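Each of the next two complexes has chain A plus one other chain: chain B in the first, chain C in the second.
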Partner chain A sequence: MTASIPMKHPDAAARVYDDEAFIVLPHKGQYKILNSVGTRVWALIDGSRSADDIAHVIADEYDTTFEKALSDVETFLGDLESNGMLAGKNVTPGENGANRNV
Partner chain B sequence: MSEYTPSGLSPYANLIARSWNSAMPMTALWEITYACNHKCAFCYNCPERGRRELSKDQIIEGLHKIADLGCIFLVLSGGEPLTRPDFFDIAWAGKRLGFALRVYTNGYLVDEIVARKMRDLMPFEIEVSFHGSRAETFDKLTGVPGSFERVLQGIRNLRAQGLKVNMKCPITRWNQSELREIKALAESLGCHAEFDAVITPRDDGDTSPLALQADREFLEKLWSPEYADITHEEVPVPRNDTIVQANCGTGRSTVALDPYGNIYPCVQWRRSAGLITEVQDMRALWKESPVLNEVRRIALEIPKTTLKTCESGEFCSFCPGVAEVQTGDPRNIYPQVKMTSEIRKQKHSDFLSIQSKTAS
Partner chain C sequence: MTVTVGSIAALGQGRHDFVPDMAFHRSILPSSSISSALAISVGGIRVHLTGLSSGQASALRERFGIFCGNADQAATCTVAVTAVANDAFLVTRGTPAELYRIAIAAEDGAMLAASHEWSCWFNQQTGRGGLALASITASDPKAFDRAVENFLRVLYAHTLLDVDGFLLHAAGLVRDGRAYLFFGPSGSGKTTVTTMSPDALVLSDDLTLVKVASEDGQLICRSSSVPFRGVFAPRPERETFYPVAGFFRLVQDASDFLVPLSGARAVGEIVASLPFVTERHDLAGRAIDVVSKAVAGTPVFHLHFKKDRTFWDAIGGLA
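So, the complex of A and B:
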């Protein structure tokens, strides 16, 4: 996971309300809501940062070690992927700009 | 750190309650045209003869302003939105702005090509108005011969593309005896059926659509356990005005727009807060509009005033927009809500009484 660049699923629409990302997944017919830390990670998934890059930011902002942050970020990214919130290998990112303000 | 895994997601209900309580709109509903290829007897739309509807460019510019407001859902409605040849241009513009799309259509124009385009668009939800299990009933309600078969084919085309379709059925006295057959038909198509017993006056106050509302005898059955498979409730439950203080989400959870660009607090309460083509800062309008603030204030008062003085107020699904168009005052109880709340209260009492007898 650390070597790859996570990308949001192009059909996912997201908006932040009171520090919580509300994410709509039309291709799954589902909603997801992330808490404030999950929302921060979601915001950092921009198609250019790796899990390592994201973990560095989280470690800085949440007063934890890089190793712990990386472990948690990888677990979280795995959860996002299994919930259909990240783009698969064959999906072109940025098709619909569904990352407004997140 | 593990708290940010999806297993720790915040509850959706909590978000919705916050949206209502703090006037944080999550949905923009835009009637992008009043043109329609059906002539439903109960339709509430009132096009202004000769008035020009917004162009594609004006709507797309408006969508940018709405996106700034923070809505995540964009409902494209009508009229029949697919009668606009630029429907998909508008819808894609909305999608590119990050909205999750909902499309309210009558399904009449959904051939295989439109269904494929819809699949590419991937809306979160498509709601197709559906009026009967038999062509005779359906076509009578839409006023268009052959509409039943054509809409059914439209739904099949959407389903063939793997799209989620909700079949939305306004209950009328013409189709009230067919609800189970409609539900079975929906299930056979892999769709969910939703039923709504509320028929409203036209937006100009014409109450003629109300003649079509389901009759009292049927509504008494509808809100009994006999129809729990349709209503999803064994017994009518009273309102809970403690979590959400306002009567409804008007001016809070939703913003509505008509084909001319009027901005309304909801689809039912047609007090215009301005024109989207003239608004520079949608956030400022949402916060400061005297119209919207008045609507919010009234919606807060209703549970403490109107519903308290109504004998069956705790069972009222009260709409101040309907009250205003029908009685001239958004605080007035109107006949159909009085009838339905009385029935629901009675059915609730009947249920408690049976429960009490069973227990003893």
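So, the complex of A and C:
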């Protein structure tokens, strides 16, 4: 997970209200609400940051260790993936950020 | 669900769901022997239905009352109605048989939809569309009424977003000049609160129209009846909009009380009760934005209620 780049599902429609995100998944007919930390992680999923990158930001902003942040981020990304909120195929960054899977 | 988008080869087999694609709709030739047109106007969206027989037009005028008019003013959208040879588009499933089902798809910017007795396309950019009626609608007036009404439900659910409006699965009840919108999925209690409110004007016990407008710097919600308003609502004599006192997500409980909702939870509860539009990823964001405007100036609650009319006491403070 740490070497992959999580990407939001392209069909997901999301808006943020007072640190909580509301997300519609039309392809699954489902609606999700993320808490404040989850909303921050969701915002950091931009198609270029890896789980490591996201965990560094979370560790800085929420005053926790990188190891703890990475564990939580990976668990959360797994939840997003199992709920169909991430694109089906994660990409792996190559040297200079190139996508090896293209 | 087995849905085929586009295969004309599946036409008429009646064994699979068939949601026709644009090629199918383009292949339909208009009938030359029928020529009546009818305008239907809801919430400022004016739909012209062309290609109707005079009998069909009369039946729709009778059914939709004040929402009907002559097609002599500019239309928001024009829909060509045609009869096709298919005996069905979606198969009826389950035992006991399902009551109704609608499948939604999209192609090249157009919405595609189909149900048991009809299929349609509509392009919101061009304001053009088509409604194909299965053969049963020619011999069964109830099937014709049902087909047109359910097509209009889909069409208006989509087009009202363009004018900061939406259809909500809600019972709309008016007391003292203000609309109280009780919403939730089937079985949540919309009919119950309607029948328990004999002193209220019933806008709808099924789908209610909500429109949002900015007035003097404030976002104001108003609600009105629609042509497809359920069982208990009387035929309106005019299209009247009432200011919305609040949105109430129904929660059956042992006592009556309100829980205020805000932010993502308020928006989420309402969006989850919008018909059809959140099934399309290209419209879901727009739907969220319109609902966000609605809740910016109007309160949203969980209404915990028991099955008697005392729930109005819990709401009383808002009146």
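Simple rule for what comes next: the second predicted complex is superposed on the first by the 89 of 102 C-alpha atoms of A that agree within 3 Å, B and C clash if a C-alpha of one lies under 4 Å from a C-alpha of the other, contacts with A are read in each partner's own complex, and residues count from 1 in each chain.
Convention: contacts are C-beta pairs under 8 Å (C-beta built on N, C-alpha and C of every residue); 3 or more make two chains touch, one makes a residue touch a chain.
On a predicted model such as this, the values are computed, not experimentally measured, just so you know.
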*Could you check whether chain B and chain C clash or fit when both are placed on chain A?*
clash
*Partner chain in contact with A:Ala87 - chain B first, chain C second, else both or neither*: neither
*First (chain B), second (chain C), both or neither: which does A:Asp18 touch?*
both
*Touching A:His27, do we find chain B (first), chain C (second), both, or neither?*
both
*First (chain B), second (chain C), both or neither: which does A:Ile45 touch?*
neither
*asked:* Quick check for you: in the superposed arrangement, does A:Val37 touch first (chain B), second (chain C), both or neither?
replied: first
*asked:* Looking at A:Thr64 after the superposition, I want to know if it touches chain B, chain C, both of them or none. Which is it: first, second, both, neither?
replied: first
*Between chain B (first) and chain C (second), which does A:Thr75 come into contact with in this model arrangement: first, second, both, or neither?*
first
*Please name the chain, chain B or chain C, that touches the greater number of residues in chain A.*
B
*Once the two structures are superposed, pull the chain A residues common to the chain B and chain C interfaces.*
11, 13, 15, 17-18, 20, 22, 24, 26-27, 29, 31, 33
*Would you pull the chain C residues touching chain A in the complex into a rising list?*
262-265, 267-268, 271-272, 278-281, 284-285, 287-289, 292
*Spell out the part of chain A that touches chain C in their complex, as residue ranges.*
10-13, 15-18, 20-22, 24, 26-27, 29, 31, 33
*Which residues of chain A touch chain B in their complex?*
11, 13-15, 17-18, 20, 22, 24, 26-27, 29, 31-41, 58, 62, 64, 68-69, 72, 75-76, 79-80, 83, 96-101
*Quick one: which bits of chain B touch chain A in the complex? Just the residue numbers, please.*
1-12, 15, 18-19, 24, 26, 67, 70-73, 92, 95-101, 122-125, 164
